[in-house]
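Some structures are shown below for you to check.
First subunit A sits with subunit B, and in the next complex the same chain sits with subunit C.
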Partner chain A sequence: MKPGLRSPLAEALLALADDELILAHRDSEWTGHAPILEEDIAFANIALDELGHAALWYRLVADLREEDAERYPDRLVFHRPAGAFRNVRLVEHPKGDWAFTIVRQFLFDSAEQVRLKALAAHPQASLAQTAAKILTEERYHLRHLSAWVTRLAQGTPESKHRMQAALDHLWPLAGQLFQTLPGEAILVDAGAWPASPMLGIEWQAQVTDFLTGCGLTIPARTSPDESGRQIHSAHLEPLLAEMQSVARLEPQGEW
Partner chain B sequence: MSDTQWPRYEVFQQETPDRPHRHAGSVHAPDAEIALLNGRDVFVRRPECSSLWVAPASAIFGGTAEELAAGAPPTGDVSGETVEFLVFAKVDPRGTLTHVGQVQAASKRRAVEEAVHACGPQTPFVLWVVPAALVTRSEPGEAAPLFSPALDRPYRDQAFYHIQTALRRLRQESGG
Partner chain C sequence: MTPATASFSPEQVWQELGTIPDPEIPVLSLVELGVIGAVEIEGRTVRVALRPTFAGCPALHAMRVAIDDRLRRLGAASVVIDLVLHPPWSTDDLTPEARVKLVAFGLAPPPSPIVRIDEILATPRTCPNCGSNETEVRNEFGPTPCRTIHFCRSCRQPFEGMKPI
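Here is the complex of A and B:
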């Protein structure tokens, strides 16, 4: 890898890691509260998978920045202020009702699958292997989520109404997943990254097909929120305050 | 209180391709596809698994040797046509229900008789038959996404963090 690409690659991967971390936290809020025991277990598994994916990406970021792969991810997760996080606003939003959670997870996992397929062919072996490893779990997530989207969208009038309301709310936010990532422009110029807007076209075609097939209506194009990943909603700070509270009791502590 | 649970499915797990499917337990699910996914999440996240079967509990007929001898009639029997039944038996009192083979029969009652006969002199402690057509199986091609991720977790064990030690020290320092 050319030395000049290490820093932008770390930026791009940090964004992916932060997406996984924050979504994992939101998903974990269902633990003990999901609609039925089996789904509680399934969703806790999915949350744990997302956290594991975040850990894999943070580790690569540590390597690229020549930091300690064991300790640096903890510093990133527990000791960064909200303004330094690079996750999309989609994943910060409170968990909402079950339909909201299912639609968000479906949009996220389907987006992730498109990007991971492209990254699994990356010339840098450690990146390609990580993407391939995550992709295996994402295929399962997507199967689980697709099954639920179908059933809730075609279930009762109430479930359908809630799914459509969730999609209306989440669709504009999901577009941010395929904005150009931090560091991406330099990487794309060097042929070392798949251009996000191109992947976004593929993703949108896929999910539009699937969701309309389930009887849901893709919201009409609204003016997209173009602000970048350094801008967060009011929801991120309280989330981090909770997530970081124990580690911040003793910032220099050996955990 | 009215029962708001989904129907119950029995889950059968095969650890490696050369071993028989064994009863893992039950899950609730609105349909067989979700039952398969729930079975995966509830029973095979950590242990080794190469295949899962699920069957609606309502489709299964059988019971303990005493129950079968008492001759309770099966509910919702098949329609008189000869079909294939999968047979699960518990031959060791401390063992689990294990897939032991198939029988062809025109009713659940006949299937149990055939299965008992096939077991020979050693009557199983528990015997179940289920119409093969009502068993939903994971596809061989799904084994990787469904079962292999559980084998290799990137997380640390909670012991990595020495939380108890750290909390004890914090409490001592704060005089609590």
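Here is the complex of A and C:
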């Protein structure tokens, strides 16, 4: 890898890692609260998987920045202020009702699959291997989420209404997943990254097909929110305040 | 004076790793589970390639601590554990002995080799309690990332399986 590409690559991967981390936290909020026991188990696992995927990306960021792969991820997660996070606003939103959680996770996991497939063909082995590893686990997420989307969209009038309401709310937010990532422009110019807007076209065609097939309506195009990943909603700070509270009590602590 | 070269062979390292139990499925050793990719000895340093089952496996830390501790006791001056993702760990990497032990432990191993996940999941797992194939998947997620939950219609008992990956 050319030395000039290390820093932009670290920025792009940090964005992917932050997406996974914050979504994992939101998913974990269902633990003990999911509608049925089986889903409590399933969502605790999905949360753990996303956290594991975040950890893999953070390790690569550490390598690219020549930091300690064991300690640097913890510093990124527990000792960064909200303004330094690069996740999309989609994942910050509180978990909402079950339909909201299902639609968000479906949109996120299907988007992730499109990007991971492209990254699995990356010439840099560590990056391609990480994407390939995550893909093997993500198959289970998409199976699970696709089944839930179908079930709820074709269930009762109430479940369909909630699914449509969730989709109306989340669809514009999901568009941010395929806005150009931090660092991406330099990487794309060097032929070292799949352009997000191109992947977004593929993703949109896939999910539109699936969701309309389930009887849901894709919201009409609205003017997209073009503000970047450095801008966060009011929901991120309280989330981080809780997530980081223990580590910040004892910054030098070992456990 | 400590000697500059190791007083133990790679075979002894593999043997030692073969006695470390998996933290969550203690009837299997790390070697039987298939998570040890390679072992190298450089002077008195041992490098171990560890392949995680699932990226978020909570047992990963316990595995690293156990490997470090055991190899130091064997005589290693330092132990380097590399997290290796290629080739990704698969339930196909379980040794034949591991499959037999899993059944005795009450955990049904998935068919092997794995080609298509949906076909594997649609194939009824053999109940580890009564041996019946009249079983169904109840949850593709279980008490650990690497397990699924099944139900046997013959003995009317739930059981766990290893998640095909």
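Keep in mind that, in the parts below, the second predicted complex is superposed on the first by the 254 of 255 C-alpha atoms of A that agree within 3 Å, B and C clash if a C-alpha of one lies under 4 Å from a C-alpha of the other, contacts with A are read in each partner's own complex, and residues count from 1 in each chain.
The rule is simple: contacts are C-beta pairs under 8 Å (C-beta built on N, C-alpha and C of every residue); 3 or more make two chains touch, one makes a residue touch a chain.
Being a predicted model, the structure only gives us computed values, none of them experimental.
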Query raised in the report: When the two structures are laid over each other on subunit A, do subunit B and subunit C clash or fit?
Result: clash
Report task. Go through the superposed model and pick first if A:A195 touches only subunit B, second if only subunit C, both, or neither. Result -> neither
Query raised in the report: Who does A:L48 touch here: subunit B (first), subunit C (second), both, or neither?
Result: both
Requested in this report: Once the structures are superposed on A, label A:L249 by its partner contacts, choosing first (subunit B), second (subunit C), both or neither.
Outcome: first
Query raised in the report: Where does A:I36 make contact in the superposed view: on subunit B (first), on subunit C (second), on both, or on neither?
Result: first
Query raised in the report: Of the two partner chains, subunit B (first) and subunit C (second), which one does A:C214 touch, if any: first, second, both, or neither?
Result: neither
Query - Touching partner for A:Y140 - first (subunit B), second (subunit C), both, neither - result: both
Requested in this report: May I ask you to decide whether A:A125 touches subunit B, subunit C, both, or neither, giving the answer as first, second, both or neither?
Outcome: second
Requested in this report: Give the stretch of subunit B that clashes with subunit C in the superposition, choosing among 75-83, 93-101, 111-119 or 165-173.
Outcome: 93-101
**Report entry** subunit B/subunit C common contact set on subunit A
**Finding:** 38, 41-42, 45, 48-49, 51-52, 55-56, 136-137, 139-140, 143-144
Query raised in the report: So in the complex, which bits of subunit A are touching subunit C?
Result: 38, 41-42, 44-46, 48-53, 55-56, 59, 125, 129-130, 132-134, 136-137, 139-140, 143-144
Query raised in the report: Along subunit B, where are the residues that touch subunit A in the complex?
Result: 5-6, 27-31, 33-34, 37-38, 40-42, 45, 144-146, 148-149, 153-155, 161-163, 166, 170
Query raised in the report: What residues of subunit C sit close enough to touch subunit A in their complex?
Result: 52, 54-58, 83, 85-86, 88, 90, 117-118, 138-143, 145, 149, 163, 165
Query raised in the report: So in the complex, which bits of subunit A are touching subunit B?
Result: 36-39, 41-42, 45, 48-49, 51-52, 55-56, 136-137, 139-140, 143-144, 147, 151, 249-250, 253-255
